[in-house]
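Two complexes come next, and they have one chain in common, subunit A, joined by subunit B in the first and subunit C in the second.
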Partner chain A sequence: MELDYLATVLLSSLSSASILLIATIGLAVVFGLMGVINLAHGEFLMIGGYAALTATRYGVPFIFAIPIAVLVTMAIGAAVEVLIIRRLYGRLFDTMLATWGLSIAFYQLAVMIFGTVTPGIGMPQYSLKIGNYSLAGYPLLMIGVAMLATLFVYVLMTHTVYGMKARAAIQMPEMARAIGIESYRVNTLTFAIGCGLAGFAGAVLLPIVPATPSMGFAFVIKAFLTVVVAGPVTLTGSALTAIGLGGGASMTASFMTSVAGDAFFFLITAFLLWLYPLGITARWRSKM
Partner chain B sequence: MFRVVNATGGYGKTVIIRDVSITVEKAEIVALLGRNGVGKSTLMRFAMALIPAFSGHVEIDGHSVPESPARRAKAGVGYVPQGRYVFPRMTVTENIAVAAETNGHSGRVAVESALREFPMLRPKADDLAGGLSGGQQQVLALARALATGPKILLLDEPTEGVQPSIIDEMAGILKRINRERGVAILVAEQDLDFCLSIATRAYVMEKGSVRLETDRESLRADRKLQQQLLGV
Partner chain C sequence: MNLSLKEPRISTLAIPAQDQVRTAQEVGCDMGLSEKIYRNAGLIFPLLATGGALTAAGFIDPYLAYVATSWVIFGLLGLSLDLVWGRGGLLSLGQTAFYGLGGYFGSIIAINMAPLTGNTLVWSLPAGAIFGAASAGALGSIIFLARMGPLQATILSYTFTLLLWSLTQSFKITIGHAVVGGDNGLSNIPGVVPGFGQGAESAGPVGVFVTVVIVSAAIYFLCWWLMRGTFGRVIDCIRIDPQKTELLGYDIRKYQVASFSLAGAIAGLAGAMFGAWANYLNPSIFSVQEALLVPIYVLVGGLGTLAGAFVGAFAIGGLSYYLGGGAVGGQTTLILGIVLILLVLFLKNGLVGAVGELWRRTLPDPNAAARDAGAVLIDPAVLEGILVEAEEQAGPAKRLATVDLYKHFGGVIPVNKVARTFEPGRPYSLIGPNGAGKSSYLKVCVGIYMPEAGSVTVGDVDATNAPIFERVRQGIGVKNQKPQIFGELTVDENLSIAAFARTRDRQAAADVSRRILAMLGFERQAKVQASALSHGQQQWLDIGMVLCLAPRVVLLDEPAAGMTNEETRELSSLVRTLARHTTVIVVEHDMEFVRTLEGHVTVLHQGQVFAEGDIAALRTDDRVLDIYLGRREHV
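This part shows the complex of A and B:
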């Protein structure tokens, strides 16, 4: 096996892992940090994708279409929190049922507005040559995007006053209110940020994963498993899990078949959860 | 300056406290005494607006404070709940800083002054609060309440499950805070000795109402009353 092939596989696996991480970060906030099982999370990804696509259709450059997608999904996320999620904190099954219904509604709405097949937007054309092999540039760029997005959420949650309030309001809503934090408002913002991150993922991945009404579904299962395996130190854990599981699955897929890659992902997930029922970071003494 | 007026409240439809009125003057330390289950914690939660008021209200400096915990905190009520309730997955420093910043004070200054006031927290400053011992969590909950810059502190059973050496230290700290910063304190307790060592006045509760109001000397002298009302 040649070195250039190996380097190519490594890089493309790292890029697959990064794509998984980008799709997971929002869930790390909503599910990992807030403990809300939002089964419509994948649909926020889809909404982000369509928002960015629609913006580019109106002539907005792709780079500016991304923040538009984030704002749109944040606004919808805030509305969903106020109308549905807020009334169901601590009621796991009710939350799942309500958000499942929401996901079906969003999906059908997308089918009605956009149809089931949408043309993708062209991938920015640049590529990287390694020996005899050439890799598309945009997926590689996702490695940097994933790192920046993770860093952004980490700094936001651990080094800002909002981040401290957000964690306090989630860990002990009543006590947080008793020291002056408007827990309801803060939780709405945190949920909206989680949805905005999903929208960011849908938008930034648009050149790789074209917008379809069912695109969220493709990501959301692996994203949920990643956050569950990650455990209580949700962000760092998710980054590690995405790199290990996503990267490993992608590598297995390049050497064997894509079915073997998925089998790798789910088998290792099952094994890790058997080994660490509360997630790999259950005994870590750090905060995010 | 701090008044709970005709408080009636409870959980669901069950009334736990009925028509309770108490007053704590500026920079005064007042004890709230009574056996288990007479409604001391419920009164504290009423004062903090953590339970709905069936009737009655809370005043600070003559102004009625809205029925919202966050608004009460900002109006100068500091609350240390029974069972501590520190934010477990935040560091000791963050627990204090978030309380200060929320109320418009500098987090860094508040942390510095808290670590000076409570040296036992200093070696734990960067540890997660959930990993502290019971006594350390109690001290942290107190430091967090002080970081909000309160005019009055509501302490609910601060000595529960805390080792005696820390209880003595806590009594000293509370008296010092009261003297130096002029913070009024209302402390709900079953530990009579602890209360007699810091409070100058006391309300004794029985079956959800205030049975009597007394000062330290009469309570200390009256063994029969202690026996009858507190079971000590």
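This part shows the complex of A and C:
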């Protein structure tokens, strides 16, 4: 096998792993800090995509459309937390069912408003040549974006007052309330941030994955599995599993077929859950 | 995370509280008609409904019969989820996967084999059920044998459905006369042919309706019977407290895989019936929209009620039928999504659950007896008799030995190379200040924690790496610090489920539990829900459950907590009697209680054996006083 081919495969696998991480990180934040799996995560991603698309249609440059998408999804996320999630704390399955209902309702709303087919926006035309192969530049850029997003969440959680409150509220809810942390408000913000990160993913991935009502589905299976395999130390765990599983699946896909890639993902996931039924980080002592 | 979301909502409609024979013996026939009907509501009303449906089949419009058939099939699918979720405690989002797989497989078999017999159902139904059970068994084995967390299990079942949805879009195969054409689906599925032979003809809509109702009713009553028996009781116990169920000696994983496979079989059979009803299947059977409906049926009807799934399917189906199907336009999905959110937020009991709750309020409160309970008085002669009999059945007392047992949690070492051998004869007490590692030591002995090093031996058998239930079968019986009782079940049911774990015989279990019940003086509280008991009574009940196991080694963690002084004295005499027949280890903070045990005392400190001897000697030991009071260098 030629070296340039190998390098191409490695780089593109790393970029698909990064894309998976970008799509997962919001889910991981909500799960890690609230113990809640948001089954509507994919639809928040879709909303972010549509928000960015709509903004660019009104002449907003793409780079500014991204923060608009983040704000829109954060606002919707906060509303969902206040109206639904808050009433279901401690009821894991009920939260999943309610967000599942929300997911399907959002999907149908998107079909009604935008139709099933929408034009994508052109991918910025850079490319990288390695030997005889050339790689599109934008997906490669996602490697950097994923690293920045992870760093952002890490700093947010460990070096800000909000982050410390949020971690306190999940680790010892009663103690946190006793020392004056308003856990309700912290949770609303956490959920909004998680949704905002989903919106960010939807917007930033727009040149690669065009906005469609079902664009969420393309990511959520892998995102859910990534988070549950990661377990309680969500950020580090999700980064590791996204790179391992996403990268592995992408490599399998480029050497074999895309179906083999998906099968690889599912089987390795089932195998990892068999070995670590509560996630790979269940016995770690670190908490972020 | 808390698994048991469902506290007392599980209507007694679904859990007929008593074995009728024993009820009659013990309480006399003072039960009102209303109460009798209430207790057997899970049998009576479905029978009436089945009769009603079969009668109605004689005169209803064939088109309504055709549509209503699908509601019955969806109800059956809902029943499969209710078994797993309402009773088993795991939200499975994979029921439509088993439904679809059973449908495809059953239909493929029927297409190829039906010409041989004429009758289609003898092929499609068993094939669908077997395939559904096999696929559920495979997924369930991964989930339960690995002891996955609830979140992991739900997500895995959901991704299983989604994976099938995407794979079947392009999956094309021809098996005999059956052509599976990816998203073109599988057509030419033979309808319901009830007769046999060459001339047998497909039933009309009403005939199909009657057939489907009969098959579904048969399956419902099978489930009802199974879930009110011991199997169902164990499944309930696993939902309420999986650890305690395993501490009784049940291999909970086998029960979980079995009930999951049963639910898979029911879903697969429902899928096969759906194929015969629609004559056509396509991958949308695996879609999210389809999967979404199943928990909606269960929630509308009432979680854990079994019959509720059918009520839910008829309510949803009937509503959309009378609204004219197309009235909501193409927005069914949107409405369903919102309905699910509203159901989760506002209607937790469902229709059947709500009616059952209203009805229950009109009945005499069975928990009233909890309030007029007297103090427990143990008759040593009765206890002696129970213990002698236990010894005959379960063999002589066993010793428990640990060698250099070591367990750490991060930097904390609650059990640090503890080497002790406990022999039958007189009770052993473990004392020590908070955080000394007493409870952790017991938990490592039982298998709740797995040690990093060292060994645990029960009798002559090494049990270091054995799962909890195997150690219990070796003869360990444990009462943890917090009383672990099955709050939704009655006192009597708590004891008999414990006794059944050992005897594996209903009659023998009933005998054992009745004797323990009498010894504890709980006869009048037999029908009381265990959660209604006071803390001290719950401690006694937990001790009683341990005694039902006829353990050869008994571990009691703070048994006297929450007991009155009189009760503590009774407990002391119980422990001393127990120690003559078994090995007994007690963890206690009540030094007066420890003194009355007149046994061997071990002081633990920072995970290690710190001092040993009898209580009088230890009471004068300055070093022991130091660690208890936090003085000087031993702190």
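Throughout what follows, the second predicted complex is superposed on the first by the 288 of 288 C-alpha atoms of A that agree within 3 Å, B and C clash if a C-alpha of one lies under 4 Å from a C-alpha of the other, contacts with A are read in each partner's own complex, and residues count from 1 in each chain.
Here is the rule we go by: contacts are C-beta pairs under 8 Å (C-beta built on N, C-alpha and C of every residue); 3 or more make two chains touch, one makes a residue touch a chain.
In this text, all values refer to a predicted model and were calculated from it rather than measured experimentally.
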First (subunit B), second (subunit C), both or neither touched by A:Phe266: second
First, second, both or neither for A:Leu278, with subunit B first and subunit C second: second
Touching partner for A:Val228 - first (subunit B), second (subunit C), both, neither: second
Subunit B or subunit C, by number of subunit A residues touched: C
Partner chain in contact with A:Leu102 - subunit B first, subunit C second, else both or neither: second
Contacts of A:Leu88 with subunit B and subunit C, given as first, second, both or neither: second
Contacts of A:Met164 with subunit B and subunit C, given as first, second, both or neither: first
Footprint overlap on subunit A, where subunit B in one structure and subunit C in the other make contact: 285
Partner subunit A, residues of subunit B touching it in the complex: 48, 50, 68-70, 72-74, 79, 81, 85, 87-91, 94, 97-99, 101-103, 107, 127-128, 131, 144-145, 148
Of subunit A, residues touching subunit C in the complex: 35, 37, 39, 84, 87-88, 90-94, 96-98, 100-109, 112, 217, 221, 224-225, 228, 259, 262, 266, 269-270, 273-275, 277-279, 285
Touching residues on subunit C, where the partner in the complex is subunit A: 1-2, 5, 85, 91, 93, 142, 146-152, 154-156, 158-159, 162-163, 166-167, 288-289, 292, 295, 299, 331, 333-334, 336-341, 344-345, 410
Residues on subunit A engaged by subunit B in the complex (per definition of touch): 161, 164-165, 167-168, 171-172, 174-183, 232, 285-287
